[in-house]
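Note that subunit A is present in both complexes that follow, paired respectively with subunit B and with subunit C.
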Partner chain A sequence: MSDLGSGNRAAETTGPKATRIATVIAVLAAAASLAGGAFDPDRFAFSYLVAYTFATSIALGALFWVMAHHASSAVWSVVVRRLLENTARTLRWAVLSFAPIIFLIPRLYAWARPSSTVDRVLELKRGWLNTPRFLIAALVCLGSWAILAELLARLSIEQDRTKNPDLTRRMRAISPPGLVLLGITTTIAAFDWLMSLDYHWYSTIFGVYFWIQSILAALAALTLLILALQAAGYLRDSVTKEHLHDLGKLTFGFVIFWAYVAFSQYFLIWYANLPEETAWYLNRRVPGWNGWNYLLIFGHFVIPFFVLTPRTTKRSPATMAGVAVWLLAFHYLDLYWMVMPNLTPVAPAISWLDVSTAVALGAGLVALVCRGCERSPLTPQGDPALAESIAFKNT
Partner chain B sequence: MSRRDEPVFHRDEFELFGAVARFDDPGALLKAAEGVRKAGYERFDAHSPFPIHGIDEAMGMRRSRLPWVVLIAGATGCVSGYLLQWYTSAIDYRLIIAGKPYNSIEAWAPVCFELTILLSAFAAVFGMLAWNGLPRLYHPLVRHESFTRVTNDSFFLSVEAADPRFDRVGTVELLMSLGGREVALVEG
Partner chain C sequence: MSAKTTSVSGSPPVAEEHDFAALTEIVSGIVESKTPAWWWPAFGVAFTMLLICGAMITYLIATGVGVWGLNQPVGWAFDITNFVFWIGIGHAGTLISAVLFLFRQHWRTAINRSAEAMTLIAVMCAGMFPLIHLGRAWLFWFLIPVPNANAIWPNFRSPLFWDFAAVSTYGTVSLLFWYTGMIPDLATLRDRATTPIKQWLFGIFALGWRGSARHWRHYEMAYMILAGLATPLVLSVHSIVSMDFAMANLPGWHSTIFPPYFVAGAIFSGFAMVITLLVPARELFGLKSVITDHHLNSMCKILLTTSLIVGYAYGVEAFTSWYSGSEFERYGAANRAFGFYGWAYWLTVVCNVFIPQILWKSSYRIRPWLIFTVSIFVNIGMWFERFVIIVSSLHRDFLPSSWGVFIPTWVDMLQLLGSFGLFLTMFLLFLRFLPMIAMSEVKGISPLAHPHPHAQAHVVDERSTGGRRGESKGGRS
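Right after this comes the complex of A and B.
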């Protein structure tokens, strides 16, 4: 690994070691999950869906940040962009790890199961809710994400070598249409993978909700990655407290945005009080699940809001690492709350398969990101704005 | 009062605002601000055509207390928004709307949210103006011969006479030793 203004030499071995450890954990957890899945395939299906959307959303959020960076010609974030590119680049593996879901469609989605009774709502939605269309949409979504991530990462790495500023222009040209495409495909993915679990229900803001979750989760993952790399001796001279402060401000903003979107969805459904819409929330207000709602309100919004309000916490590596871990945990719990009431409607029943699938895909993501970090410099060495980005200061 | 071309150094019957010096570049101003702070002065100010990174640290500026005012104003907005809706809808004039409870927190949220933002923004803007002493139509420093250049190509440092360490000779000498040009005493 090379780094502008290199960190300490002893760190040279930590990178491959982290990759190896994460790979071993991922493989072991995946094997355990598959073995468990043989005994309880329904549980495996739902646990895997939560874990899959969790890991994929982090990479998806990272792709958003890379393109937002280029679309706004940002300077401060140049120094952290390579880490985002490495995270987004794992999306090609999200195509591969979608495979189990293909086989689990009838277990996950009631609309894909043969039924003896005629459901009028389902008949009306048949044009959208059918397996071939579901698979094509997944391929288009995942394919376009993987291609965009690969393209932007390759251009950036090419710039390391050639120092050609025209490549910046090309990345800036790709990003705005890329963001539009990302918005549409993310909405479709969220509708298909998560919302169609309860196919009677619909919420037009659901795609935004999933996107905001992803963007926030990617910010938390980026913060954690930076702090972990710094603890291992990298990036110490390039990523400063000023960058951490900016990440903290963005995290604070997106915590509020998450609450705004989550509340908007609830508020409109509560106000209109239409049975086909309220059912989804009523299913989550049964005694067994009701506590989860408050868990999310306080854990995903109120507590991080007050923790991130002061300037000092946003500039403290220890607090920011804590907040990042906390938010990633609540991102998982949020997805769990969306998916699991379909499997265990009475009350949450946490299974070791939830843990093993999450560890398998989480550690897999860590291993892939670490491997990406080993293969290229940790900062975009050829970016014309790199020096300016390192010198960045909040006023 | 005095005319501009009168030599200000030889008069001491008027009330002094303080001493002022001109510097040619932001680096010199940064150094001078640090020098003045290290000499123990507290009531001094730097004037520049644009924001200078590091000037806060050089001057030893404390963090503003404004965030606390904004927090209190925001909380006031949230609570007063809630109380207003609760009192009017659940106590004073009860109406059943769409079969919802009289005191529906969900329905109050947008108003609470907006009032939080409104009062926070007011506190931030007006608090900032008040603590900066703005709006201000006149400032003694404009009496200095070349002070108008502060909006163009010059950097100034002023030390107020109200500072306990201020001394007509000593402060002027300090400013000169820090590289200040056109050092002068300015009347209040």
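Right after this comes the complex of A and C.
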């Protein structure tokens, strides 16, 4: 099977070591966060929400890519699909780690707090903004993601063993309706978890914004995972520069798409100048927060745009690793900018709880992905298009 | 999708029985042979409609825009609906030629030429409406930012001016793209020409193409650059068109999802029009071996995907207008669905969201006349979508004292019919006089162009998995 590259084995040696280290870090950080949370529960609630949406969005984006791969019958991406499946599979843990949010709802969401004054607008949308509905929606969203991710990963691993091409057909049959479901549930999750923090505010593009964030974050995480595995000696003759180049092109495209969506939202609200909509941006343009806007414009768009424009950077592992880390960092900062002005409206106040929650969930994600990588071959061995995917060239 | 789909998408985009010469013969034959019998009656009908178009414009300009059913508060109706409808149609051409090129979708080669021609003609149809709506159409050049004696500049902060800039850029790039791609084929027609006049005409437009390696190298590079330039235009033009509405604070117009939603809707309507044009064309010209089931299947998948995106936007719009808690937003949404024009809203939803869902069934995606019927519904639905957005939002102003109703006049109706006359006339002329299939590009993806020892193995792989081959003619970026 030498022509199927080095992906025919799992990360047996490096995997467990990485899993162990990441697990220890995650547990320590989680313990620290919980201890800190006992003293400052409000801060913990908001920090946790940022960290949770950060980690979950990466897995959610990975699920999108797995299904997009099947729905478009793509060949080039066969070789990276197992890594995406391993990432998406962590979504079942996202169901569990949603638990703290259940208890933090009144701290996070003003609509869930009892109030002495009557808010007429809130009364009009009570049908949506209430705790039971919020919890049921979260369960449906997270549950459907976890089931889809699990199903696709299991079929793929079964194919490793049986080499049955019918399994490819089954995965291709699941994916298009799966993408429809993902589109709807992601929008609901974005509206509930992030948009309803400021319950007066609404923006029809908000679901698309969160989806694009997730898709881009998953691409960056995938690039980083590939390069880390290659540094550890795996996948070196399966995932080639050609695949890296394609990942670079997609990253470039989604960096632009992120900017397009972010700009559409800002520009239309700014131009129409309706008070109920501009409030959201005005809260982020107070002197303390204003710098953050420029940080995002340059860090999330301008700099990666110019770095990724030339062909050479997209084919350079070192540059692509740098871009991936950079984009993941800015994805976190973007979520931070969406969430935190609700807690500290005057200016950002970085707390060690921000760091500890992000480390806890980030390291937890790493540990789970590494555990997936040590358990099954790093490329889908049974996929009939694997050899063709390895041989792929951008000519 | 069942096993059947995978076998369909696995069939190679070019039928294998054609060698290069046969392909040249099929495509050039359309232009060189005698005019087919059906062409003259079709042209007669289209040209009559075009004459109606001219007559309506003359009547309008001689009399004034009052001959349309416009009033207060509906100051824009059919004219802007037709503009958005036609400009949207154009987007499929650019998507097929530029975006699918960058995504290495080889099946695009059989349909890109005619889709690009459709784009250009649709831009012409679209461009007509804002001009004749100006009232004093002869002052249209005020839109162009030229310094003039009165120092009057267009309002740079107006989306209508951006529209003018976007559409004229779009028209220019589309023309260049279409023409650049056609040069090798024009040279083929020149070399096969039987009369000196044809030889001379095709010769001029073939720009001295000799097919040398150097020519091909420059050609491929130019094509790549133009594809790169055209790709942002697919997004920008309709985003700016959407801003004509979304910039306002009118409920039903002001919505942040409008830019991507309009772009998806444009691609949706454009693909529907490509299907409407090419299903009959491939029958009439006997091109079923070039525009194959593979193409129909792929186009239907794009149609279905964009239909779902458009459906998503309708859903998010309706939900958010309720969620906003704003009484104007809520009234606007309720009025759109159940008000005076409620029937048009439901017609839009049925045509654009419900009917295309039958394309989930893979065997339906290769039935030409079935998908032709679906495409007609989508054309109707997408026209009504714009009508609903524009008219149903305008006709209920914030103050009940300024409520009104728009009823189209016979001039409105005939002007719409006339724009189809312009479109069909130009398209029929294109089919008759220019190579409607990009011969050189189809040859480039045919199995004969890849004579390496493993070629057979790749084809087998493709068939068993439905995948596409990795090799690519272009795709560098």
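The criterion applied here is as follows: the second predicted complex is superposed on the first by the 383 of 395 C-alpha atoms of A that agree within 3 Å, B and C clash if a C-alpha of one lies under 4 Å from a C-alpha of the other, contacts with A are read in each partner's own complex, and residues count from 1 in each chain.
Just so it is clear, a contact is a pair of C-beta atoms (placed from the backbone, for glycine too) under 8 Å apart; a residue touches a chain by one contact, two chains touch by 3 or more.
Because the structure is predicted, anything quoted here is derived from the model rather than measured.
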Subunit A as common anchor, with subunit B and subunit C clashing or fitting: clash
First (subunit B), second (subunit C), both or neither touched by A:A173: second
Partner chain in contact with A:L274 - subunit B first, subunit C second, else both or neither: second
First (subunit B), second (subunit C), both or neither touched by A:R311: both
Which superposed partner A:L124 touches (first subunit B, second subunit C, both, neither): second
Contacts of A:I205 with subunit B and subunit C, given as first, second, both or neither: second
Of subunit C and subunit B, partner touching more subunit A residues: C
Superposition clash, subunit B versus subunit C, among 6-14, 60-68, 96-104 or 132-140: 132-140
Intersection of the subunit A residues that touch subunit B with those that touch subunit C: 267, 271, 273, 311, 393, 395
For the subunit B and subunit A complex, residues of the former touching the latter: 51, 53, 63, 67, 71, 98-99, 106-107, 109-110
Interface residues, subunit A side, partner subunit B - complex: 263, 266-267, 270-271, 273, 309-311, 393, 395
Subunit A to subunit C touching residues, read off their complex: 73-76, 121-122, 124-125, 128, 165-166, 168-169, 172-173, 176, 180, 183-184, 187, 191, 200, 202-208, 249, 260-261, 264-265, 267-269, 271-274, 276, 311, 383-385, 388-389, 391-395
Subunit C - residues contacting subunit A, complex: 1-3, 5-6, 9, 235, 239, 243, 246-249, 254-260, 308, 312-313, 316-317, 320, 322-326, 360, 458, 461, 464-477
